[in-house]
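Below, subunit A partners subunit B and then partners subunit C, in two separate complexes.
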Partner chain A sequence: MLRLDTQFTIKNAPQRRLFKIITPQELIEKGVATCAGNAGFEDLMLWLDDIHVTNQHSLMTLPVGGFLLAGKSLNANHFTATTLSTPKDPQVVKPGDVISVGPDSSMVRVLYRRGSNSNLLFMTDRCNSLCLMCSQPPKDIDDRWHIDENLKLIDLIDPGIEQLGISGGEPTLYKDGLLAILAHAKSVLPEKSLHILSNGRLLRDPSWIEALKHVGHKKLTWGIPLYADNAADHDHVVQAPGAFSETMAGLYNLHRAEQHIEIRVVLSKLTTIRLPELAHFIFRNLPFAKHIALMGIENTGLAKKNYKELWIDPADYQEQLSLAAWFLDIRGLTVSIYNLPLCVLDPGLRSFYRQSISDWKNLFIEACHTCAATEFCAGFFKSHSERWQSRNIHPLSREDLIHTQGARYEIA
Partner chain B sequence: MKLLDRWKMLIGQSMALVPMIGSPMVDAGQTQLASSDWLPASGNTPPAFKNTLNAKDAVNIYAAHRSHSSHRSHSSHYSSSGGYSAPRSYSTPSSSSYTPPPTSQGSTYGSGLSAPRTAAPSNAYGTRPAAQDLSALVRRVQLALMVKKYYSGAIDGVMGNGTRGALMAFQSDSGVGINGRMDTPTLNALGIVIP
Partner chain C sequence: MGSLLIVKDAGYRLLPFRFLRLDDVNDKNILLTAETGEYLLVPETLLNQLVRKELDVSSPIYKDLLARHFIYEPGGHNPIPEMAAQYRSRKGFLLDGPALHIFVVTLRCNHTCQYCQVSRAPQGGAGHDMSAEDARHAANRVFESPSQVLTIEFQGGEPLLAFDCIRQIVETIEAKNELEQRSIQYVITSTLHHLSDTILDFAEQHNIQFSTSLDGPAFLHNANRPTPNKNAYERTVEGIHRVRARLGHDAVSALTTLTSRSLEHPEAIIDEYVAQGFNSISLRPLSPYGFAKSSARRLDYSMSEFIVFYKKALAYLISVNSGGTFLSESYASLLLTNILTPFSSGYVDLRSPLGAGLGTLVYNYDGDVYPSDESRMLLEMGESGLKLGSVRQPLAELLRSPVIELLLTCGIAEALPGCSDCALVPYCGADPIEHFARQGDPVGHRAFSSFCEKNMGLLTHMFAMLRDGDESIQKVLMSWLSRRSLNDLPSAGYRT
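Up next is the complex of A and B:
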């Protein structure tokens, strides 16, 4: 688990800006082509190490936007360029990353981490739902500046095939901004697949159909949560009356716009009771869904507050999970199970299991030290605490793995 | 009623259906039922699910049982579906060569943002590089020469005497033509990818 921000000593940062970190070697080799989109020297921040100390003076005549002094023997005197030195955690920012630096704080945020499995375009803190288990409670602020930041970020990202997430908040709240971002990503990062997390409610507006067809991004998937087979239960979970029908209308509009759709179900006490019925509902009404993700709950944000209403030991819903997963699987829908420790899962479900928790927020606990499966296991969210821990957590042995289902273990 | 009688009844009822076979209605497909005048525009119709489970092109999940190894490619990192394909041949309702009109969305973000990288016009096409691109390239050459300890001056993007001298010294040591120019063999030897 590696944080996405850390403090630096910052000089010359008159306004908030994004920088692409680049080593002299990479600058020689690729120049600004290290960024996928349009970028100039002023967007680059040169990474200087102790080996560059003899040339530091000359190197700092380069008209790049800034310098990151990773070496301890370098001195941070430059008249105009933004200069970062003495990181609190030197592991956080590395060459290839895109960072955001501003005058208001010594905190430097990593917006893009080279080689990470969980890079994200963050759209907004606002949301039109207030889900009981929201891991990132919404804020009612005008944060349209995220749109321009993301458009710039897309330019500075590495070209290549890894996936990018788009999330919030509710990304569809800024419709024009989101569409501009999708179009820009399509032209600058055509090889990257995008995955948007949205509650789909605003997509009930049919004008999205035209707009999304017009953008025509072929590698775009919408992850839309559906928590029940009936309006009352779903609306309760998302704390918004009418949300169920709006989301259903949104899902049909997405299909009309020929979009790839993933249905996401967060597993809690409220959603697991009727999980087999929900599976049935999805098969009947949303058979065009490309993927159904059944996901363990992230014990942070509002989930903590609503612990009593939400908590169910995963050991107690394995039967419903099994019914739902196999029901969908034998009918040809692709099912995945996310965010549960491997040892809690019914061994018969391991073919659906994915190692899913983003690298910057997953961890393993003490019981995992002797476990043979940590390499394949999603582990826990960094927010993990004891009252969210299943009674079934136990280390798995190599024999357990050999005798289990699932692709990655059968070679052993 | 004896078992045999039941069989007779069953066969009798099936025979009664024979005249219907071959009539257009037996398939009950949309094409037979719908005439173009009342069918709403394809873009806004609810999805029509033509594929029943026993349709000809439906995947027989029993015949094509997915072995466990078929999940091998499914290791997902970022929680999402990247690259999944449902083992089903569901085809979307035919969108009859419909092209959306180029509507102006009134977007504040659309203008000029999606322009692809303006590639520096290369000499191979007979055009000279823009001054800005040229000085960026000179800077990369100066940087490379500095790292290789041929150059210690300012990285100013100007091909002056100091830079040219360093470049020729490098060319002489690395066995490429000594001409003081940033030609392709020299850039390759410096490890500079163009553009």
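Up next is the complex of A and C:
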């Protein structure tokens, strides 16, 4: 687990802006071409290490936007350029990353981490639902500035094929901003697939159909949550009357716009009781869904407050999970199981298992120290606590792995 | 009695549904089916509560009925968009136009089968092959269909006796397809007695599949299919081996024709298919066409005898599959798709609106065009009324023929007497041509309809198996639905 922010000593940062971190070597080899889109030297922040101490002075005459002094023996004095030094955690910011630096705080946020599996364009803290298990409770603020920040971020990240997430909050709240971001990503990062997390409710407005067709992003997937096969149960989970009807209408509009659709189900006491019936509903009514993700709950945010209503030991829903997963798999829909420790999963479900928790928020606990499977296991969210722990957590042996999982895991 | 008619202020309203009593052996003996094919098996008491608005709204079955669109709550969630999506899934085949194009390249044949569904001319007979000019016209008709996925099937007679005609048609279509870029599959329906290296070379080059007839072990096949040397079985099996050696194991499939003699040997027929390494078998009753009708007394059997045979064969097939051999029954697989998925199998005989003409076209050797294989068989019996026209007319004109209009008025099962109230109609089809053949009336009377008897018998049997079958039976049925080996199915999943 590696955090996405840390404190620096910051000099000369008159306004908030983004920088692409670049080493002198990469600057010589690629220059601004290290960024996927339009970027100037002022967008680059030169990464200087202890090995650069002898020619620090001449390097700091380069016309870049800033300097990150990673080496302890470097001198932080520069007349005009933004300068970062003495990081609290020196592992957080690395060459290739895109960071946000401003005058209001010594905290530097990593907006893009080179090589990570979980880079995200964060759209807004606002949301029109208030899900009982929300891990990032919404805030009622005007944060449209995220739109411009993301447009700039797209320019600065690395070209390449890794997936990019788009999330919030509810990203569709800023419709024009989201469409602009999709269009910009398509022109700057055509090789990157995009994955948007949305509750789909606003997509009931049919004007999205033409708009999304017009953008025509071919590698775009919408991850839309559906929590029940009936309105009352779904609306209760998302704490929004009418949400089920709106999400269903949104899903049909996405299909009309020829979008790729993933259905996401967060597994809780409320959603697992009719999970096989929900699988049936999805197959009958949304057979065009490309992927069904069945996901363990993240014990943070509102989930903590609603523990009593949500908590079910995953050991107690494995049968429902198995009935639902095989029902869908037999009928040709792709199923994945996310965010569960491998040792609580019914061994018959391992072909659906994905090592899924984002690299900046997964961890292992004491019981995992003697486990042979951690390399294949999603582990726990960083927010993990004992009352959210299954009674079935136990170390797996090499034999467990070889016997129950087949060749794919034998390399362990 | 009067109290039943009072509409209570229940929180829910009914959506259109049909129901049927399956049997009296199980508590859940009522089959409820919604317009789009969702279903539930429930006790009779529940049906009564449902229609009397007495359902317990906090019960799981209430949520099931809501989620499967049997009921809705006024002012609550509107299920119409979901029902519309389901309807679109189930009737999606209508948007594609004719996808199966059958070319009857010759009537000549070396067999003298008594039950022959078609008709035949002697092997050396003249004037029974499709002319080069008609073949060229027919190839043009194929591309006038909007369907992007096309199957070109060659039939006879024995089509390999007119291989030059097949070659001309394939080459014409391939040349046109360089521009059209459709997905095209070729199939030759043949006894495989007349294979040659030239034919196999050509089949390999154009990725042509073969479909043959294998009626069971030698004693059955040779009795069903007389040839002068009494070796039809041996020559067909040799042909199967030759095709597989050259084009791969799955390049040949087989169909079974069942005579009354066959009905005594379900296990021997299935064992023969296992021995020959097939992964599907098609247990079809004799059709009421061609020579089969005139020799009915000697070869025919009642549909109820067929259904008894079919159930016996299916039980044996399931035990064979449970033992680790994958061998699916084609019709059962089609019914499973219709029952367990929102889609229609697309099978021509199980479509509503009907498949003839809308899904299939037949180009006869003499240049006439028919809406189905069966309707040209009627022609050979002396009925020419179902001809659409000539291969020289454009497809749009052929599909405006009065025959198509007649077939359409009698070809929508949901609107036919006897079908419109049937709980099985979402999974069934309309076959006005068979009703015309058997009853002289394209609408027909369901009480005397063997089409109805067959599909009622097999569909209710399938529902009973889905309800009562143990996990091992479920797994076999799911392996047929998904066309996967049992080893890949550790669970049969949720049973709806």
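Here is the rule we use: the second predicted complex is superposed on the first by the 406 of 412 C-alpha atoms of A that agree within 3 Å, B and C clash if a C-alpha of one lies under 4 Å from a C-alpha of the other, contacts with A are read in each partner's own complex, and residues count from 1 in each chain.
One rule holds in what follows: a residue touches a chain if its C-beta (ideal position, glycine included) is under 8 Å from a C-beta of that chain, and two chains touch if they have at least 3 such contacts.
Remember, it's a predicted structure, so these values are computed and weren't measured experimentally.
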Which of subunit B and subunit C A:Ala211 touches, first, second, both or neither: first
Of subunit B and subunit C, the chain that contacts the larger number of subunit A residues: B
Touched partner set for A:Ile330, first subunit B, second subunit C, both or neither: both
Touched partner set for A:Asp176, first subunit B, second subunit C, both or neither: first
Which superposed partner A:Arg274 touches (first subunit B, second subunit C, both, neither): second
First, second, both or neither for A:Leu132, with subunit B first and subunit C second: neither
Subunit B versus subunit C as contact partner of A:Tyr252, first or second or both or neither: both
Contacts of A:Pro287 with subunit B and subunit C, given as first, second, both or neither: both
Contacts of A:Ala81 with subunit B and subunit C, given as first, second, both or neither: neither
Residues of subunit A that lie at the interface with subunit B and also at the interface with subunit C: 252, 287, 330-332
Of all residues in subunit A, those that touch subunit B in their complex: 24-25, 27-33, 37-38, 41, 55, 58-59, 61-63, 117-119, 147-148, 151, 163, 165, 176-177, 179-181, 183-184, 186-188, 193, 195, 206, 209-211, 213-214, 221, 223, 252, 255-256, 258, 260, 262, 287-291, 293, 295, 330-334, 336, 338-339, 351, 354-359, 405-408, 410
Complex contacts: residues of subunit C adjacent to subunit A: 38, 60, 63-64, 66-68, 76-78, 81-82, 85-86, 89, 340-343, 478, 481-482, 484, 489-494, 496
Complex interface listing, subunit B residues touching subunit A: 43-47, 49, 53, 59, 61, 68-72, 74-88, 90, 92, 95, 100, 102-103, 105-110, 113-118, 136-137, 139-140, 143-144, 146-147, 152-157, 190-193, 195
Residue numbers on subunit A that touch subunit C, as the complex places them: 229-233, 244-245, 248-249, 252, 274, 276-277, 279-281, 283-287, 322-332, 348
